[in-house]
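Both of the next two complexes hold chain A, though its partner changes from chain B to chain C.
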Partner chain A sequence: MLKRFMNLFYQDIKVVIRNRFLTVVLLLAFVIAGLINFVIPQNVKITPKELFFDNTAERVWEKELVKRGMEKDRFYYSRDELYKAVQNNKSSLGIMAEGSLENTTFTIIRQGTEPEEIINVLDATLENGIREFRNLEKAEYYEVEFLRPRSEPIPFNKNLIPVVLVFEVVMLGFLMIAVMIFQEKQEGSIRAYRVSPGGVLEYIFSKASVITLLGLIYGGTIVVLTRGLGIDYLSLTALIVLTSILITLMGLLLSVFFRNISEFFFIAIAIMMASGIPIIAYMYPSFAPPFMTWIPSYPVVFGVREILFPTGKEGFMAPLVWILLLENTVLFAASYWAVQRKLLRGGR
Partner chain B sequence: MISVKNLYHDYTGKGLYAVSDVSFAIEEGEIFGFLGPSGAGKSTVQNIMTGLLELQKGDVLYDNQSIKNMKSGFFNRIGVSFEHPNLYSKLTGYENLKYYGGLFDVPTENPVKLLGMVGLEDAVNKKASEYSKGMKQRLVFARSIINNPEILFLDEPLSGLDPSTASVIKEIIVSKKKAGCTIFLTTHNMFVADELCDRVAFINEGRVAAIDSPRNLKLEYGQKSVKVEYKDEDSLAGEVFFLENEKDRTEFNNLIASRNILTIHSQEATLEQIFIKLTGRGLA
Partner chain C sequence: MLKRILNFIKADIVNATRDNIILYMLIAPVLLALLSRLFLPTLQNVNLTFAVDRHAGQEVINQLKAYGNIELYDTDLQVRERVERPDDVGGIIGNGEKYTILMEGNEGKDFDAIYTSIMDRILRDSPLAQFEHISLGVPESPIRGLFTSFLLLSAVMIAGLIVGFNLIDEKETRAIQALAVSPIKIFEYIIARGVLVLLMALILSLLTSLIMVGFAADYAKLVVGVLFSAALAVALGLLLGGLADNQISGIAILKVLFLVYTLIPMGSLFVHEALQWVFYPFPNYWMFVMFKNIYLGTQHIGFWAASIFTLITSIIYILLMVPVLRRTLKLR
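Then we have the complex of A and B:
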């Protein structure tokens, strides 16, 4: 069986290379690594851009804010100019300061679509600024404690690595296995395999190994180029391997039921969209309804983040590996049945 | 020996049988032709015999062992050449044979030698997608004999081949038979069947209409005839006479006596004529 598996593996590797899958994977990995390293900024301001008109005597607020590093082009010199600037920039809001330093009144000019949270944060920031400006003691209403020693905040661009790693591995793996199966169906080469001593196990193992290898090449390239060599590659490899096998088995299980890739297209879109839902929870951690945590990619993306940006969280790998092993076992049994019944023996 | 017993197959599940009560036996080392028009059920029978289609009713026995009980090792003993070329188009001819050969547990032929045997020595490193239809057909045929099978299933092996290449493939088929290989040849080409087969079965609308050697079928169902070409004023004319028929015999004698005869050929019935006589339809 090992001899047949190796034989099939080499064959599938050649098919993958000739189909230019490897080129696509490498190209994509380099493009994404380039975007993360050089194009996507480390910090992204997600709140509206504040524009100012300081109408106080001697423009004390403007002077102070510029001294603290605020760009000069955010200041305007009349109410009309400020209104116009806010009107022209839909992701901005205006702040107008009037009166004296001791008795400043602020007017906020809103687009009207800003969430109340943004306005509340702005309100608190202004209040804090006024107290600082007037040399009043800063009121401390709270204390902060950390569960673990505080880790470095993850830059915005690097925070995207787990997302592109997990969801691209899932998407590429799912599409590539489907393309391979439909190519074999269309060419009829699967019929030739059916009248050879080749079995279901080596067929599945070969496909899963090839897709996993592509996943490792893709993931490895991105991580080396964006995070360097100083991370736990063993754990990362384990997660990529288990995730790639999982998605290959899912792709196999589903693709055998369809005649061609056009019929398969809609289910593929649905599966990929469902797998991508945990991105929402990753970007907005406070939103993680239970159904989302059941999607296999959910724990994986957070696991990958912990490996790439350790926070000192311990013992997360073992349960994650067990969950993936369990999911792989279930999907393996299902795809074995499907491949045997629908693809290799007495199928269409 | 291969025995096919009372085979039925229904694709629809509604009792509409594509193959109905088909029975025949193939002796070891025999070339057995399965002759019938498109849609007659030839490929269905072959697919059941090779395990590509599930056995529904009836049985196929190889040396008294049912195909139902065959393990994967059975496929080491057989070779299948498909009517429609089914190759890895991204792989070269050599790679198609090399990787297919790697699936067997028995010694396999050298792919380069096989490619040379079927006249593809110049296309060893060419991708299968760049092969012509005839080249693909030859590659599929070469693949079917890579494991030196004891039983060879050939589905229209000469389809799309030019006469000289077809002749090479026919020689290989005959040499395989001489080496003891049992061959099940599915075709609608009566000349191929006549030339190669020890026995043929006629299949029509899923049922076997007759089984015998081509010679016996001709003796049993055919009529001997004579074709005469003669000069009729300035043009060439020709007529066929069945000499077992008294009226034809008289006309033949009159023609010989009165005309300027150019050629006379005796001829026997073709398998196609016999097929038409038995089934009422042609093989095309």
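Then we have the complex of A and C:
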């Protein structure tokens, strides 16, 4: 069996190299690493942009906020100017401060689509600003406790590495397995395989191994170029391998029910986009509706983030690996059945 | 010439119908748009979530509701377990007199400051400032418009990819060799493919827009926009089909194309208006600006200018590809 598997494996490797897949993933890895390292900014604001008009006597707000790094172009010098700026930028909120620090009145100009809760949070943070500027004591006794030491916020560009690994590198398997199968169907090699001594196991293992290897080369190159060598590559490899196999099995299971790539393509795009929904939860970490947490890629992307940017969280790998093993087992059984019934029917 | 083009289109439609492509083509964007509709309202109302110990007291719990969603737990251990989960949810534990804000330690910048501000405001006897709120009465969040624009970009791309994969199929089945000895010329071939793309892109775009925003869009402009975008879809299809010898290499090329196609409009969202010129050579950037004009209101470059630039830049790319296509497809 091992010999048959190795023969198939070499054959599939040749197909991948001949069709420029290795070249393409290496090229993409360098492009993506270049974008992350040199093009994508470290700081990007994805929440509404606050614009200000400080009409207080001493312009305390403007002075303090600029001192703390706020861009000067977010300040306007009349109510009308601020109003127009907020009207022109649908992702902005206007804040006008009047009076003195001891008796401030804020006028918040909002678009009207923001939830009330967010406006209340804005009010609270502005009041907290007054407390800080006036050096007032805390209201009553409360404290902040961190379960683990406070970690440095991850820069926006580097924060995209887990997204790339889970939703680009690993997703490669979903389309690739399908294309390999359709190609074999079209060339007639699947018919030849039916009458060969090779079985379903070798067939699935060979394809999954080649695709996983490609994923490791792709992902490994990106991680080395963006994060260097000082991370836990063993855990990262484990997650990439398990997730890559899972996605490949999913692609295999679905593709056997279609006649050609054109038919499969549209469903594949829809499924790949659905799998990508957790990107939103990753980019807006306060947003995680229950249905999203059930998508397999959700825990994986956060697991990969913890490996790449450790915060001291312990014990997250074992449950994640167990879940992935369980999902792989279920999908393997289903794929085995599907390949045997739909693809290799007529063989053993 | 017209007859040859019509025959070609007929053959493509027969192929598409035979392979259920039309059916799947309709299913995919409908699924995507429905999925987007499903979670967009939630996304538009993203709030903070507080994991609160019941012993914190009803008054604090009631006041916290004004700032976000509340998840109640019976013990502080349960609150700690909730805070440990991957998302950014802070915990509040306390006994009515003394409170602890629990943070995991890996939350985003200023997250603890926001929670502190809220608790401070709730627990303070008198407010530190007065607030007045003015609403501009904007009916719809820009997120929906942005999502719709991105979905329309993918609709045009799907139409282009059908052409690309048809072309690969013609290469693999050697139908292209038969075409090479037929009277059809390269420009007739491109026009024939263009008509098919246009039909597909129109169906996909109209369906996507209807699901996403209903009738709250200027559909005349959308039709015009898709007309101007058809050349880009043709360019995508020809590039894919011209370079790939088979489906596997087609997918390899598609990976590069897809990256360029999606990253340019996405990147333009994060680049300052003064630097937007770096995107000007790319038709997908102009197409994105065009769709944003329809769904988000007037942009820094208006609808008509963006539409014309989409067409011009796409045609330039097609013209650049013609010599390559002549060589690979061997058409006259």
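Just so we're on the same page, the second predicted complex is superposed on the first by the 244 of 348 C-alpha atoms of A that agree within 3 Å, B and C clash if a C-alpha of one lies under 4 Å from a C-alpha of the other, contacts with A are read in each partner's own complex, and residues count from 1 in each chain.
In this section, a residue touches a chain if its C-beta (ideal position, glycine included) is under 8 Å from a C-beta of that chain, and two chains touch if they have at least 3 such contacts.
For clarity, every value in this text was computed on a predicted model and none was experimentally measured.
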{"item": "Touched partner set for A:Leu2, first chain B, second chain C, both or neither", "value": "neither"}
{"item": "Which of chain B and chain C A:Glu145 touches, first, second, both or neither", "value": "second"}
{"item": "Which of chain B and chain C A:Asn19 touches, first, second, both or neither", "value": "both"}
{"item": "Contacts of A:Leu234 with chain B and chain C, given as first, second, both or neither", "value": "neither"}
{"item": "Chain B versus chain C as contact partner of A:Gln87, first or second or both or neither", "value": "second"}
{"item": "Which superposed partner A:Glu117 touches (first chain B, second chain C, both, neither)", "value": "second"}
{"item": "Partner with the higher number of touched chain A residues, chain C or chain B", "value": "C"}
{"item": "First (chain B), second (chain C), both or neither touched by A:Ala318", "value": "neither"}
{"item": "Shared contact residues on chain A - chain B and chain C", "value": "15, 19"}
{"item": "Interfacial residue positions of chain B with respect to chain A in the complex", "value": "50-54, 72-73, 75-76, 78, 80, 82, 84-91, 95, 99-100, 102-105, 127, 143"}
{"item": "Of all residues in chain A, those that touch chain C in their complex", "value": "15-16, 19-21, 23-25, 27-28, 31-32, 35, 39-41, 44, 86-87, 90-91, 104-113, 115-121, 123-128, 130-131, 134, 136, 138-151, 153, 172, 175-176, 179-180, 182-183, 186, 259-263, 265-267, 269-270, 273-274, 277, 280-281, 284-289, 291-293, 298-299, 302, 311-313"}
{"item": "Chain A partner contacts - residues on chain C that touch it in the complex", "value": "19-21, 24-25, 27-28, 31-32, 35, 39, 42-49, 66-68, 80, 83-84, 86-89, 94, 97-109, 112-121, 123-125, 127-142, 154, 158, 161-162, 165-166, 169, 172, 245-253, 255-256, 259, 263, 267, 270, 296-297"}
{"item": "Residues on chain A engaged by chain B in the complex (per definition of touch)", "value": "3-4, 7-8, 10-11, 14-15, 18-19, 187-199, 345-346"}
